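In the two assemblies presented below, chain A is common to both, partnered first by chain B and then by chain C.
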Partner chain A sequence: MDVILNQMFAGLSMASILLMIALGLAIIYGAMGVINLAHGEFVMLGAYAAWALQTYAGFSIIVALPFVFVAVGAVGWIIERVIVQRLYHRPLDTILATWGIGIILQQVVRLSVGAESRFVKGPELLSGNIEIGGLVMSNYRIFVIVFSLAVLAASWALMTRTEFGMKLRAVIQNRQISECYGIEAKHIYSVTFAYGAGLAGIAGALITPLFSTIPTMGTGLVVDAFLVVIVGGLGSLLGAASAAVLIGEATALFSMLFNDTLGRIAVLAGIIVLIRFRPRGLFPSNTRR
Partner chain B sequence: MTTRLFYDLVALVIFALVIVLGVPALMGFDGFELNTFARYLALGIASLALALSWGGAGLLNLGQAATFGMGSYAMAMHLKLKASGDGLPDFMGWNNVPELPLIWVPFHSLGFTLLAGLLVPAFVGGLIAMFMFRARIAGVFVAIITLAFLVAFQLVVIEEQGITGGQNGLTGLAPLNVLGWSVDTYGVGFYYLVAGCLVTAITIGLYLTHSKFGLILRAIREDADRTRFLGYNVANYQTVIFCISAALAGWAGMLYTLVLEFASPTYMSVSFSLAIVIWCAVGGRDSVLAAAIGAILVNLLEGRLSDIFVEGWNLMLGVIFVFVVMFMPRGLNGLVGDAWRFIGGRLQKERTISTRPHLQPEPVKSGQEN
Partner chain C sequence: MKRRDFLSSVGAVGTAGALSAPALLTTIGRATAQGNDIPVGLLFSLTGAVAVVESTLHDAALMAIEEINAAGGVHGRQLRPIIEDPASDPATYADRARRLMIRDKCVSVFGSYTSASRQAVLPVTEQRSNLYWYPTLYEGRECSRNVMYGGAVPNQQQDELIPWAIENFGPRFYMIGNNYVYPKEENNYCKTLLAKHGGEVVHEEYVPLGHSDFSSVINRIRAEEPDVIFATVVGDSDVAFARQYHAAELDPARMPVVSLTRSEVEVKAIGGEAAAGHFSSAPYFMGTQTPENERFVESYKSRYGADQVTHFVSEAAYFQVYQFKAALEKLDPANITPETIRDAAVGLTLTAPQGEVLIDENLHTHLWPKIGQWQSNGQAEVLLQSQERVAPLPYAAYEGQTCTGEGLVRA
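Here is the complex of A and B:
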């Protein structure tokens, strides 16, 4: 019983990380149909930003979060302005261009910081575990879970409760008509892309104590995050959240039944089958395209 | 014979002459240089295989490396068995595998190996294609499903250490022995073998693109629904081209193992798979010949530049790639085509003006909008 509970907690912890990464991707993909393969590199940039802030300025991860968000968001904004903006009418080519951007970002970090693994300390405040019977939960992982829920709520509020969100939803539904009403779609897209990139940066900063920080860390994450977005359904925040929990828990469950690798393989196979039968995801939003 | 076919054939003949006569002479028949170039040629086949499905039918297959890997492992299994003689391959001993796994047994035969290297990828590609295209999956979702398949497949290969050699792959291979000819990978003969394979593969590709089959695929690429309304079974056409593309990738994989003398799970990594996409895009996804040339050029550049800029090469590759995607969506092929039309248009214009002064010349468009 304890084994199952611990495994469920591990799955939840993984789900929260997946959710943080996938949320930015879901917003970018849902809003503009851009398959952003550089998203993993935004996560990597966030991790390195957190490392730099801790090493050179002595900031703890939690203090560094707003700075990381702004920095990575700015990188995303520039990339959208210079490259992605020109490719909105060619969605397949965005896969290629963003992969190229990913290579560039990865190499820039490798050349400037070095290829060796970097270590970031978790916050002192959140060290230690909570134990309930046989269930051992690390405080930091609990914090990540709570934080990811907060980010989900904030994103939801941004999309549905603010003027910016209203404009964004209008542009998603019909770009031409929205422009007729005086909404600057280009501007909305840039900000949305920057916001998605910033979220990836936060995710990167938060996972630094859990993962090793290396220039190639993003490549593996982006595939997983993508699967979360596709399974969740186009542009649906709630869909992305439930898909993250589903995939996180399924991976944990299969890992317990077989082993880590076979667990991952089983989940990938399940996802392929799911996309085949529900290509619009579990919770498709009703947008006209 | 249409003009387009004429140009393609001329280009193919020139290309064949260059790689068969020009390159060996330029390299001074140096074994090491020719081996390196043979590697580029083998990758050219992988790139042209992708051009058939991506450029020809609009199916972006991000899992091309999986079928490439199947071919390379098929060849490596045969050569490993040859190297081990009557005993078990060495890595099986390390993994406590008591006897030769059943799947390895038929690879004693070279004929079976060659067939398996083509048919296993084709079969697997066909299964995935049927699975996807029967459900009318298209566009981005094809890319995502094939990518997920690639990741899963690589994990399986690494996981099954006892059968595949795991992370280390298959090393310590014997030289290939065809009908008594022991292939020396640093010899001129081996270079001609690979060059011959590439020219054959390009010929097959050109035949397919210029056939009615290729025409229907292009129709499907432009508008699958309309083609369906015209009475064609879209899924079948897509499945067939996926199979052919997979078989060609397997062929490339077999040659690649011969050149490098080992097979490794890195052949099935996401980054290798996307590298194939890069070569194909740089050369020009619309033409099999251009895609092959793209692979050769990018790898040639990589070979030369990565010596000079050890660290910076990948950065340059990324920049080149982003540039190509943004400004040259049809790759070098499109660039050459535009230049050709521009020159042709000039000549045409002069002729029109001189012979029919009463007619206004048509404004010449340089290049299509994309």
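Here is the complex of A and C:
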């Protein structure tokens, strides 16, 4: 029984990390239709920003989070302005371009910071575990779960409760008509892309105490994030959240029944079956395009 | 140039070319060191996925070459390092090895960290009868006459370790490794030792290379409560595993991780606090107290930076260059070929940073296994040092097969 509870918590923890990474991807795709293959590198930049702030300024990860968000968001904003914006009418080219940007970012970090794995210290405050009977929960993992829920709520509020969100939804529904009403779609897109990048940055900073910080760390993570977005339904926040929980828990369950290698195969097979019957994911958005 | 002149000059070149062709054919492809310097190849990845570790091997080997040259070279001739970057891609290793052995006529090539890249170079070096110096610990089960193996094979890492771990912590072993040949072969040998010394395997599992979320593994460890975690997890996976193991507050005093692959490089990324208390088995640690090691560490740091670390593979990359030099010194300067170097190297002893090492006739190296416990400063304290030098038995797990001076012998 304890094993199952522990494993459920492990699945929830995996889900929270997946959700943090997938959220930015879901927003960028949902709003702009851009498949951003550089997303994993934004995660990596966030991890390195957290490392730099800790090593050179002595900031703990939690203190560093807002700075990381702004810094990676700024990088995203520049990339949108300089490259992605010019390719909105050529969706296939954006895939290639963002992939190239990803490689460039990876190599820039490798050349400037170095290829070796970097050490980032976890926050003292959140070390240790909470034990309830046989259930052992790492405080830091609990923090990541709560934080990811908060980010989900904040993103939802941004999309539905602010003027910016209203404009964004208008642009998503019909760009031309929105522009007729005086909404500057270009500007909205830039900010959305920057927001998505910033979220990826936060995700990167949050996982540094658990994972290894290297220039290629984003590549593997972005694959999982894409799975979440596809299973959840493109562009849906609710879909991303439920898909993250589903994939996280399924991975944990299969890892317990078999092992991590077979668990991974089982999850991927499950996703293929699911896509066969629900090709648009669990919660497809019904926007006309 | 007039057309007639051009034709006649082409004719002349053509004839000369035809005449010299047989001479070219007889010398081509035989790497012999003639001329004023001795060309040696360095084939370590400076870019790509394994560059993190492999660039340190490159640095150590290059440092040895430059030290030898500064001290006057061999027979008054300088070693000329020819550097190729195979970019972490096995096919490129084979291609660049071919280039070093044929075009550059290197009499030896130093290179590789992973087994995959060594196996890519293997057919090339065997076909050209050249010599490939491989510094990494590896899974054994190979017996080439054209590779000099400088790292430990399973029996050298485990023969002392397993009985020691059973005695100190208990007989129940949990095996965790990445899913490829090295961990499987090491675990294979470990099981034969466990059977001999009364240990048992409570669980054996392999995670994909680069796997980074170990929460399921840690839950299983918590449930099984083994005495020893026997780890062959490599690189970034090991960093993630160690950090999550520490975050889960599993006590190294009760359930220590005993690793065959964790070196100073990984510990630097894990952080001393999370690595402290766990163990590694290797022939060399940075803190080894010998005069040779002090000199090695000091010159490495002064050359590449005070925050750099030396580890059990970079040490071998370093001493193998000196073994190469010692073999050259035994040879007639007019007769330096890969085969003569190999034959001169067999039986050679050399005081390496880890202690005095010997090249076996099976071309593997007799080493000094040690067990180290990691401290919070990122260095290992050597708890147990083998009383005698341990001979390499690359087929120790396979009864009836031995690697000898004549190659693999099946009983």
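Throughout what follows, the second predicted complex is superposed on the first by the 289 of 289 C-alpha atoms of A that agree within 3 Å, B and C clash if a C-alpha of one lies under 4 Å from a C-alpha of the other, contacts with A are read in each partner's own complex, and residues count from 1 in each chain.
Just so it is clear, a contact is a pair of C-beta atoms (placed from the backbone, for glycine too) under 8 Å apart; a residue touches a chain by one contact, two chains touch by 3 or more.
It should be emphasised that the depicted structure is a prediction, and the values quoted were computed from it without experimental measurement.
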{"item": "Chain B versus chain C as contact partner of A:Thr55, first or second or both or neither", "value": "neither"}
{"item": "First, second, both or neither for A:Ser117, with chain B first and chain C second", "value": "second"}
{"item": "Which of chain B and chain C A:Ser255 touches, first, second, both or neither", "value": "second"}
{"item": "Touched partner set for A:Leu227, first chain B, second chain C, both or neither", "value": "first"}
{"item": "Contacts of A:Asn6 with chain B and chain C, given as first, second, both or neither", "value": "second"}
{"item": "Touching partner for A:Tyr140 - first (chain B), second (chain C), both, neither", "value": "second"}
{"item": "First, second, both or neither for A:Thr162, with chain B first and chain C second", "value": "neither"}
{"item": "First (chain B), second (chain C), both or neither touched by A:Met14", "value": "second"}
{"item": "Residues of chain A that lie at the interface with chain B and also at the interface with chain C", "value": "110, 261, 264"}
{"item": "For the chain A and chain C complex, residues of the former touching the latter", "value": "2-3, 6-7, 9-10, 13-14, 17, 110, 115-119, 121-122, 127-129, 136, 138, 140-141, 209-214, 216-217, 220, 251-252, 255-256, 259-261, 263-264"}
{"item": "Contact footprint of chain A on chain C as seen in their complex", "value": "47, 49, 51-52, 55, 179, 205-208, 210-213, 215-220, 222-223, 235-237, 239-240, 243-244, 247-249, 265-266, 268-271"}
{"item": "Complex contact set, residues of chain A against chain B", "value": "35, 83, 86-87, 90-93, 95-97, 99-104, 106-108, 110-111, 219, 223, 226-227, 230, 261-262, 264-265, 268-269, 271-272, 275-277, 279"}
{"item": "Chain A partner contacts - residues on chain B that touch it in the complex", "value": "60, 62, 131-132, 135, 137, 139-141, 143-145, 147-149, 151-152, 155-156, 158-159, 270-271, 274, 277-278, 281, 311-312, 314-315, 317-319, 321-322, 325-326, 329, 370"}
